[in-house]
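Labels for the chains are A, B, C, D, E and F, by order of writing; each one numbers its residues from 1.
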Amino acid sequence: MPIARVTRRVHFCAGHRLYNPDWDPERNRSTYGACSNPNGHGHNYDLEVTVEGEIDPKIGYVMDLRALKNLLGEAVLSDIDHANLNVDVPWLQGVVPTTENLAVAIWDRLEGRILNARLVSVRLWETERNSVEYRGD
Amino acid sequence: MPIARVTRRVHFCAGHRLYNPDWDPERNRSTYGACSNPNGHGHNYDLEVTVEGEIDPKIGYVMDLRALKNLLGEAVLSDIDHANLNVDVPWLQGVVPTTENLAVAIWDRLEGRILNARLVSVRLWETERNSVEYRGD
Amino acid sequence: MPIARVTRRVHFCAGHRLYNPDWDPERNRSTYGACSNPNGHGHNYDLEVTVEGEIDPKIGYVMDLRALKNLLGEAVLSDIDHANLNVDVPWLQGVVPTTENLAVAIWDRLEGRILNARLVSVRLWETERNSVEYRGD
Amino acid sequence: MPIARVTRRVHFCAGHRLYNPDWDPERNRSTYGACSNPNGHGHNYDLEVTVEGEIDPKIGYVMDLRALKNLLGEAVLSDIDHANLNVDVPWLQGVVPTTENLAVAIWDRLEGRILNARLVSVRLWETERNSVEYRGD
Amino acid sequence: MPIARVTRRVHFCAGHRLYNPDWDPERNRSTYGACSNPNGHGHNYDLEVTVEGEIDPKIGYVMDLRALKNLLGEAVLSDIDHANLNVDVPWLQGVVPTTENLAVAIWDRLEGRILNARLVSVRLWETERNSVEYRGD
Amino acid sequence: MPIARVTRRVHFCAGHRLYNPDWDPERNRSTYGACSNPNGHGHNYDLEVTVEGEIDPKIGYVMDLRALKNLLGEAVLSDIDHANLNVDVPWLQGVVPTTENLAVAIWDRLEGRILNARLVSVRLWETERNSVEYRGD
């Protein structure tokens, strides 16, 4: 059977501050610039999750996108939408919420929960101009 | 010579209904949800076709995009734009018109018709949130 | 209090065919072109609904956008999303489903159901290139 | 001379929380939902500012958009980009940072600072789906 | 009959240079900045044309958008697409090709050529961030 | 450490003309069509540059995107934004400014200037419909 890649894009908004607690404020400022402002800021994030697999010959799907949508809602969005990424999310404790670290953490939330298809990419847009892709490497 | 990938994006609108005639309506409903509504619905599709090849040293093109545009118009869009994908398209007979199956069928329409460049990807967006990529695998 | 305009944008997909049953197929074809293809096609519609009113001094809202979102879901989207606009929608019976007629019909669905704010615009995009705005005139 | 409207669109990201300090947490929750989450969240805002005036017959501009861009940078973005709207911005003290209130506050920052053209609209998008327009009424 | 506004959006690309021949290079440079670079530059323009009129009760159109598309192609795009706006376009002779002046010139091309509907707006986007609207005032 | 890909998207506008000086005008016209119009035209280009590397465990970045943004500004945009690509850019001398050739030339400008991360892709959009990706092959 042909193998295809299916992508679902979802949106969430969240607050964050880039700050490494092992460093003093000056080093945080020089490393992260305005992203380390003490009271935080936030973004509308776009999240694109891609899975790969054979197209089911009877159904014509690699995977039911409603199932992927539901999984993203339950395993990811319910925790991070309208949340503060430094404080509110159990699976981000101890993680500086850069786009890179968020992409890896979201991958870890999803891997193992997707049945019958293989997770191949998590791409996260922080703004229209900046994005990070993690492929599990 | 350097090898590059050139992508042409085109748009079309079409009607469809997800329905496997081997199944009864209930199984279709549980498999496809609202996408199996009896009277059909439709979408504005975005189609991105990517070809790869050496850049011609005199012309500076991998492939003339006007030729690719014309090929897409003749081999694909003339049949499916403003059409009903379940009924009107000879090369979709017997195919449940999921995005996956459409991407594979469009690949099959194009492969062999592209000269001097190699077809590497057909990506089809059914909505801004859902897309499928087929790479011939 | 200052008066502001608040817009909520929602999406739906639907099938339709432009066809006036009082005319023969040829006149339909010459009037509507490919939009009158017998088996129909469809679109991803973008719907922008704008209401105007005073900003509540304590809340800071003209209107709770969750309430507007819910109203759009119940009064409009639940009937037309994934539907065939020629057949499935009670409040579109006898209406040729042009973008103009849809915008007016959606206005009529909403007017009177919005409390504490004034409906001022229904804008409907059939494609990225074509849209209609109806302001109740 | 012909009169035209010129629009400049800029982007900023900021954190906020919808919370009226005169109310208890429960009333805030019932009014603002997830937008009142205690630790805040944030958005990528799009801001569109429109001015109107005669087209200068020699220059061909209503207003130099570089001047408008600079004004927006100095009077608005330098204070709110990468900031927390509840805490960091002097001209938002005591304001619940709803999109409506932000649009009015931005209008008030700009009016009087635009020379030779008339401010006619401040439109602020909180997400791709929600926006507010304030016209000074 | 209800009155609606119908908008058609088209694209073109063109080269231009902002330069007033009555001025010396220095004054042009201080007025137009990099837009007066001697060898010119260019843009992908988005043009939105809006007409207003009664919805025809039998057809359901204010105006056939194919007719508007054809008019835009013949009266505007055929002259300015892939052209140099300072040199190639008869109806732009003597006009500094600012977005304002282009919007007015396009209005003048269209007015009188639209039958059965009233031209109400020409909006021209030079970039995603800058646009001008002309309403005939 | 996990390996991620970070993309920065920037915009520029430029003028160009597709023309091979070794050929007569007729051959240029038949090869490049309207893109060889004698007085040139132009585009708003979107440039996406992707680098790959390990995520720094303390900082959480593959690479500081401000550094990438600055590099793109200094090594690429300062030369080509608001420029004529046939005339004004030293590192494009003798190059027919097709999107393919531009992507390769931009790659060559960047490679070797990016420290601590590996350049993996330069993608250049000439219009919303046409793009070229060069991966150094």
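Here is the rule we go by: a contact is a pair of C-beta atoms (placed from the backbone, for glycine too) under 8 Å apart; a residue touches a chain by one contact, two chains touch by 3 or more.
Remember, it's a predicted structure, so these values are computed and weren't measured experimentally.
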Among all the other chains, which ones are in touch with both subunit A and subunit D? none
Select the chain at the greatest separation from subunit F, using centres from the mean of Cα atoms. C
Taking each chain's centre as the mean of its Cα atoms, which chain lies farthest from subunit E? A
Note whether the interface between subunit D and subunit E is symmetric in residue numbering, meaning over half of all numbers used appear on both sides, and answer same or different. different
Contact-pair overlap exceeding half with E-F, pair selected from A-D, C-D or D-E: A-D
Rounded Å distance between subunit A and subunit E, as computed from the means of their C-alpha atoms: 41
Indicate the whole-number Å distance between the mean C-alpha point of subunit B and the mean C-alpha point of subunit C. 28
For subunit D, which residues are shared contacts with two or more other chains? 128
Full set of chain pairs in contact is A-B, A-D, A-F, B-C, B-F, C-D, C-E, D-E, E-F
Residues of subunit A defined as touching subunit D within the complex: 11, 13-16, 34-35, 37, 39-44, 81-84, 86-88, 127-128
Subunit B contact footprint on subunit A (complex, rising order): 2-10, 50, 55, 58-62, 64-66
Under the definition above, what is the set of subunit F residues touching subunit B in their complex? 18, 20, 22, 31, 33, 95-101, 103-104, 128-135, 137
